[in-house]
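Consider the two complexes below, in which chain A is the common component and chain B and chain C are the respective partners.
Let's turn to the complex of A and B:
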């Protein structure tokens, strides 16, 4: 027991170290160029296009999503092969428990999710949403699907708020693409 | 120990096991009220700006009626609306407390903002608007304008909190749930084991009684 005590104390000390660490905590999993490559692949020409929704469009989307849209303007990444659009992409921030999670959502022109990837995670807990086990639930989801925890999305244990944030973000991406890029109504 | 004591002990054990089993099953189901109830409203709030617009809440979610209660459809929020613990309406609009996702407010009942995280070890029991600001009543305190007034906790409340696990917050409810499931499994397997042991102890040999005539015939000396 006596020989184990210093080891136990060291483990305890190391375990509490993060509590004294700086307040800012940021895990960068993908830079913007890497995220764009993940969603669009290497063979599409990707442009940026910024759109400002009208008051009517904003109200329609906010009512559909049941919450406020955080940004005034929305910047889309548009992936083209020749003149044909093959994929839209949105880099979004969604508040997890307290801090924003940055992720990219790829949306096909038929309003299906192509893929989702977490780029930056800023909280000490809940980073389970970066795993493929969670993110693999989104590809193929369509605009109009509930994308709600315990309905069509299974949360990651210990990352419930982050799971809610990513699900809400994917739903937002589909709504934004439908209304602002394809001129649909919700 | 006499046979009578052994039998009495065994049956008392079975009775106790059944009581524990029922307690475990009902305790476990109590943690999932929403499974047991359909669209049962427990609270209703009228839009202060439109008398035909109502929101109603129950364990299975939050519903909206735009025709003064004739038809209802689910309210869309960015989080699951199960386990609504309080709903209110006032001059500032609507406010709803969700067990796992905190308190949300809305001026029109359609677009919601999260205003408070779910408290760690308490459930919000009631909400009210006071001059546009929210007043919260949790199981432990009344919170007015950010100021917390502790409420006296009755012994009954304490017993209830330990029974349901809420004394330790959400972690406690998960522990109670795990304990309840373990108790159900242990009780059921214990009953099965007791039944099998009892069955094994019973004599399996049953003497075959033959008619006297046959026996006589069988053992009678054969005449050649």
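Let's turn to the complex of A and C:
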């Protein structure tokens, strides 16, 4: 026991010191139910619907977006009032500077963005993208808009990569909804 | 030669001794390997490899010789999360006076590290014009400078305490000076003589962001620093008055600060000031005020800043040839600039070598134009007034790489004018 005493004292000493930051860092702003409420409100019936794009659909979307789609399947949240769809929602991950940012995008059936909300941010800097200051640029954007920095989206200074990530994610959400939910071509 | 059984016995005894010593070490606790497990592990060869997992090293608590640098302390031995980056700018200039040259303008290394949730360190080391410094030689050399080196303790978003070599928060461009962030290659005239960019001084202070609403921001920076010296002249303005980081010409210290208001993203107005005693006795003070703004609407952006400087005048001694002469210090001087940017990318080029042909999904062009003036002595009634017009364009295949071209027309004192074609490659990494 005596030989273990220095080690135990060290543990106690370390316990009283401010914790060094772990390599992983995660700020959760919205849980999934909270994010769904933010986009759909409380009065829509929201169901989940998973769709697997065909090879042709995947090729079309990847060509349009200029990059590979990360997921094999896509899960939509579909908000209905009665039988009529009022809003689609997608919870997406996009890599910021190093780690994924998780956010929800609401898309109206006329392919306009209803709203965007950041759910989880995993980096130490760049979390300004969670604020309305940045996100207020997206409601009303249409499928086909460039959604590119310095064109129709202004980045948050010091959070350029996070701004690019969220913009790219909103563009992806609009393309996925157009092709997989509404059967459009891009 | 010891027999095989003896070797095994010696090996087990050595491992048992090592395991016992390790159980006494605080490193064992950090590594999460209980001493008793290590002792038990000494019983068989199969368990030996798994026993002493002492991979965690903490500076100040001993140094593990099995770290990446052996017994030498490396960055990997320090706890925290860090990043290495910087920027690079190579310029080519063709002047109307016949001079034509490449300039390895900047190579800047930035190292930043989170030592703790609320402790941050940042540094910016610049090699300018190739960084070749030859003391005592007449050969024109480059420069190696520490433009930033500060530690910061975050109390909250509104209060961050900072100490070290700090960028003076006057105007916009002195802080946002990185070549890959700027659209043009050349900096505005006033950033040489009026706000002597890059302007840094050792000191302490605070910065913070206040968010009165979810769309609005107020930022501030306020520092006490070394202070400018008296090398203020009508030819160069404040350019030669920047202080030495290791000493001061007087006992007074300078105060500087900037407050910026941004009602929504894309619009910011900043008001800044600087005050410093500049002479050896600390009795003559210089005051500077600056106003800056940035406004962005879609692909269009307009930025600008203006600054006025007032001093008590006087003279300073300067060696010219083998003589020491008195140089007059101007009492009032100032400058301003306005710069507009427009970003675009024609769709018909998207599949070309400027776009997806070379694998760039979102390239863009930015056209820019600037008008600016700087007068280093208002009393000269125009004899020290310089003006410039700059027109140019850059191509960014990715956001932090820019290939820039521009034409600069300068109106110099005595009705002279020069033209220059300038191009550059700026890369942030």
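Keep in mind that, in the parts below, the second predicted complex is superposed on the first by the 166 of 186 C-alpha atoms of A that agree within 3 Å, B and C clash if a C-alpha of one lies under 4 Å from a C-alpha of the other, contacts with A are read in each partner's own complex, and residues count from 1 in each chain.
The criterion applied here is as follows: contacts are C-beta pairs under 8 Å (C-beta built on N, C-alpha and C of every residue); 3 or more make two chains touch, one makes a residue touch a chain.
Nothing here was measured: the structure is a model prediction, and the numbers come from that model.
Enquirer: With both structures superposed, pick whichever of chain B and chain C touches the larger number of chain A residues.
Expert: Looking at chain B versus chain C, the one contacting more residues of chain A is C.
Enquirer: One more residue to check, A:136. First (chain B), second (chain C), both or neither?
Expert: In the superposition, A:136 touches chain C alone.
Enquirer: Can A:66 be said to touch chain B (first), chain C (second), both, or neither?
Expert: It touches chain B and chain C both.
Enquirer: Quick one: classify A:148 as touching chain B (first), chain C (second), both or neither.
Expert: both
Enquirer: Which partner does A:124 reach: the first (chain B), the second (chain C), both, or neither?
Expert: second
Enquirer: Check the residue A:29 against both partner chains and state whether it touches chain B (first), chain C (second), both, or neither.
Expert: Once the two structures are laid over each other on A, A:29 reaches no partner at all.
Enquirer: Which parts of chain A are in contact with chain B and also with chain C?
Expert: In the superposed arrangement, which is not itself an observed complex, chain A uses residues 66-67, 148-151, 160, 164 for both chain B and chain C.
Enquirer: Touching chain A in the complex: which residues of chain C?
Expert: Going by the criterion above, the answer is residues 20, 23-26, 28-30, 35, 79-81, 114-117, 211, 214-217, 264-266, 296, 298-299, 301, 343-345, 356, 361-362, 364, 366, 399.
Enquirer: Quick check: in the complex, which residue numbers of chain A touch chain C?
Expert: 3-4, 6-8, 10-11, 14, 18-21, 23, 25, 66-67, 124, 131-134, 136-137, 148-152, 154, 156, 160, 164
Enquirer: Taking the touch rule as given, give the residues of chain A at its contact with chain B in the complex, in rising order.
Expert: Listed in rising order, the residues of chain A that touch chain B are 62-68, 97, 148-151, 160-161, 164, 168, 171.
Enquirer: For the complex, give me every residue of chain B touching chain A.
Expert: 75-80, 82, 100-101, 110-113, 117
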